[in-house]
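What follows is a short report on a single structure.
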Amino acid sequence: MKKQTWAAWLFISPNLIGFAVFTAWPVAFSLVASFTNWSLERPQTSYVGLRNYQELLGDQKFWLYLGNTVYMMLGLPVALFGSLWLAVLLNRKLPGIAAFRTLLYIPSFASGVAIMLLWKALYNPDYGPINQSIRLLYGFFHIHADVPQWLLSTKNLAGLDVEKVGITGSQFGLGARDALNIMGVWTAIGGNNMLLYLAALSNVPEELIEAAQLDGASKWRCFKDVTWPQLAPTTFFILVMSIIGGLQGGFDQARVMTTGGPSNTTTSLAYHIYSLAFEQFRIGYASAVSWVLFGFVFLATMVNWRFGNRATSYV
Amino acid sequence: MVVLLLLFSAFTVLPLIWMVFTSFKPLQEVEGQNLLPTHWQPENYSQVFTSVPFARYYMNSVFIAAWVTFLTCLTSAMSAYAFARLEWRFRDAVFKMYLATMMIPGVVTMIPNYTLMVRLHLLDSFTGLIVPSAFGAFGTFLLRQFMLTIPTALDEAATIDGAGPLNVFLDVVLPLARPGLIALAIFTFLGTYGSFYWPLVLVKSEQLRTLPIGMMYFDTAYDRQTNLLMAASLMSLLPPIALFLVGQKYLVRGIALGAVKG
Amino acid sequence: MLLLICFAVLVAASLAVWRLQPPADPQGRLVLTWVSDLNPLRTEQAKLFEKLHPNVRVNVDPDNGGVEKVIVQSLAGVGPDVYDAFDTFQTVAYVQSGVALDVSSKLPQEGIDLKKEVYPGTFNTCFYEGKAYGVPTNVAVDGVWYHKDLLKAAGVEPPKTPWTWDKLIPIAQKLTLKNPDGTVRQYGFLYDNWNWADFFATFGALVFSPDGSRCVLDSKPAIDAVQVMHDLVYKYHVSPSPVEQSSMATQGGFGSGTITFFGAKRGAMALGGRWWLSTLRSYKGLDMGVLESPYGTQRKYHMYGRAVLVNPSSPHLREALEFQKFMADPQYLALINHQADGIAAFERANYLPSFEFDPDHPDEKDNVVWRDIAARGIGWSVSPYLNANTASKLVQDQIDLVLADQKTAAQAMRDASKNIEEAMKVSLRDDPALKKRYEQAGGR
């Protein structure tokens, strides 16, 4: 054991030193800042204890934005399983499979601006192909209803209200948040997660699968009992990164596509933090919000900790 | 299945197709209803190079991304090994700390980061653009998870044969972790390549600017030259796509478990 | 091994990059860094300064529109030498964070008397608490652009000014044309949702009381102003709603794109500034005119603009101050007017014959109108007790709800007022020194 400890520290030191200086220290600084009223508009800063935290927990806007953020993560499971499914499909050495893999990864390459412009056009309530198709369907089934207004609408599938935290009937429908969710799934599904699953699938020993098949297991059971557990560490990674990304994200879309609207419904917590820091200059308060956000994410992560921690070993 | 894949792929290619056609349009056609340009304007591509020092920005971006990718893969592989395979006292606690740092939005760490750069005299320099980005927790996290999926049988065999941790790392784990390393390399390259805020705040002189900042010039409130922006974006995609095409082959590698038995 | 090869390649590349780096300035000039936005006109403006000061090279460093760059850099002690502040919001932010130099004593030495020479509407972008920090680079006031041919086609005479919003409505209605399927082909009047300041100015509506201690949004002038904005869309149908605006463009965020709509003749009239010309000049075949904006109860219009500030920790203070002084130079003022980057902030430049008629743009006959409107410009209503961005956002949020027809103007102004008062309480609580001033000023 002692020998391993010495080796371990040796291995980790290059990364750890850089990490401590460039990652850990700024984070620690922000924690301290969250207990102050540091504002860029004021030369003196003073310690205010937990007041920032009290304020944000009582602020309607915080809960509204948290709600937005969580809502806009609803596409996460779809994206995760979608990536897995794609990876399984593409996990073979067929000629030309490289083309498919590249094509599906393209949204990750394409300019964010291009993607957002494209989707803005797609979601156009009058001329966009999505609503045109919906109108066709409605006409076909003789449904008399308004087509969704997508990026212009504050409506959503959960009926979340606009200015207060709550649910009202008038806000049921498909609106900006749903539009962003759909777009998010599309962007993520063939992207990094698919690559990761591809890589992880290659580590699943073929012998195990063959053994299971010999024992008469169906394809589904093979997957469920052999492959899926082997993928657990990767799934944990994707889950955690998606949660982090989801809770920290929505920033680019908000800035480019919707500027946080309509009526702040696409403002995620990350965008709110940015606005607090650099538009309202309340860095201390913004830090506090960040750390509350951190709390949520960390909690969610620790719940899954055991799941993702198993090393692969078998007899 | 193939049909489904084809359908899906067709859908994902849409933005790229739009980008290509828009890059050849004259400005007034960009918002038009027609997908194809009525007037093809390949001069857009050369105009990108004359409007801004595009070649220099290109070089800078590739250079920085290459270094960051190299450093990240190297140090992350080593630390991931320590977390995934070695037993030591504070292992899990330190790892949780690594995880934790990723959960703080970058906005609030920007100011302390920047002040740090100033103290270290790394402002407005390549070093300042490269070094801080190379030590995030992401790479370590990714590779650790990946290494956890590598069966320990080979490790054990090698140890029985008398190999120390370094040898196990170099000869057993690292080669098997190659798919994970490739994935990390692709992500890191792409991520660094497209990073915007950090270079924006850190860089003052013209010769250090990177591609995303350069492309900002085509998308201002005064002068939205989306056609030039698309031309620039397409050209800027060449290195990541090249990296991807080369690397994706290595993402799928079977383990020769015969090595264990034989 | 692959590893070593990669490393060798990278080291070689680093050496190459090192060698290839050009020196800071090939001619050995002093480099002055000017942070501004990404307006292509800046290059020309920078070059003019270089011509007048051959020992200096101006490095135009773009920020992306926000204050992050300047503040983060300056807090670390390495900010730019000079930088732009867009409107009073940014000036206040920069001054309060300590990155702006107080030039109150320096300007008279340079022969510049801001209070006498620039438009009053721009004072709060230059001054803060009685001290001067910025010299304005340009100003803008919105007027009404119109397409002469579209008016003629509808049989409408160019409106006579001054005119009220009531007078605008029937004219705009005649200019609103529909397609057979009911969608609107051409709108009578275009404006952006953030133009509320324009409407407010014409009704004498303020956000804050003059001393900034109270929010006065919940009052007739403000409500009337917002009501006009609402009715133009929903009662008279001469302006597009946010939904309709978005349908007309693939680009731009919520509410932007009015310039391009107007340029594409989707609107017969539009509320906008002279700086629209930098886009409109590239459209061929437009025959446009400019009118003074309609008014509600007073002929006063909202003025906005930029000012250039100096970083006190700049190592090149002398040149930085020269740059600030350059803003008053007749050649610079002429350039601004020629480029149509708004209009010159120094009044005298706008009464020169070269402004009234520019031989390079002979069909732009309305410069006199712009000048006359500018003389009626007033600045933002702000309070020292609440961050201006916060206040502005709170107002904008409510107005957006009205423009989405989800609230009445009266309710919106009431809610905005309440939100602002709450925000002010938080702001005062955080800053005891400010709170003392507030109480001394008579606030509750």
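The letters A, B and C name the chains in turn, as written, and every chain counts its residues from 1.
Methods note: a residue touches a chain if its C-beta (ideal position, glycine included) is under 8 Å from a C-beta of that chain, and two chains touch if they have at least 3 such contacts.
Worth saying up front: this structure is predicted, and the values here are computed from it rather than measured.
Asks: Would you indicate which pair of chains has the most C-beta pairs in contact?
Replies: Most contacting pair of chains: A-B.
Asks: Report the chain whose mean Cα position is at the greatest distance from that of chain B.
Replies: Measuring from the centre of chain B, the most distant chain centre belongs to C.
Asks: Find the geometric centre of each of chain A and chain B from their Cα atoms only, then give the gap between the two centres in Å, rounded to an integer.
Replies: The answer is 18 Å.
Asks: Report the inter-chain centroid distance for chain B and chain C in whole angstrom, where each centroid is the mean of the CA atoms.
Replies: The answer is 37 Å.
Asks: Enumerate the residues of chain A that touch no fewer than two other chains.
Replies: As it turns out, chain A has residues touching two or more other chains at 117, 127, 278.
Asks: Could you check chain C for residues that touch two or more other chains and list them?
Replies: Residue numbers touching two or more other chains: 68, 75, 250-251.
Asks: Multi-chain contacts in chain B: which residues touch at least two other chains?
Replies: In chain B, residues 74, 111, 226 touch at least two other chains, as defined above.
Asks: Note which residues of chain C are touching chain A in the complex, please.
Replies: 66-68, 71, 75, 92-93, 96-98, 183, 242-243, 246-247, 250-251, 253-254, 387, 389-390, 393, 397, 400-401, 404, 406, 426, 430-431, 433-434
Asks: Mind listing the chain B positions that touch chain C in their complex?
Replies: Its residues touching chain C are 27-28, 30-31, 59, 63, 66-67, 70, 74, 110-111, 114-115, 117-118, 123, 126, 197, 200-201, 204-207, 213, 216-217, 220-224, 226.
Asks: In the complex, go through chain A and note every residue touching chain C.
Replies: 37, 39-44, 48, 55, 117, 120-121, 124-127, 149, 151-152, 154, 162, 256-259, 261-264, 275, 278-282
Asks: Which bits of chain A are touching chain B when the two form their complex?
Replies: Result: residues 1, 3-5, 7-9, 11-12, 14-16, 18-19, 21-27, 29-30, 33, 86, 89-91, 93, 98, 100-115, 117-118, 127, 186, 190, 192, 195-196, 198-207, 230-231, 233-234, 236-237, 240-241, 244, 247-248, 270, 273-274, 277-278, 283, 286-287, 290-291, 293-294, 297-298, 301-302, 308-314 of chain A touch chain B.
Asks: Using the touch rule from the top, collect the residues of chain C that touch chain B in their complex.
Replies: Those in contact with chain B are residues 3, 6-7, 10, 13-14, 17, 21-22, 24, 33, 37-41, 59, 61-65, 68-69, 72-73, 75-78, 80, 249-252, 256, 260, 264, 278-279, 282-283.
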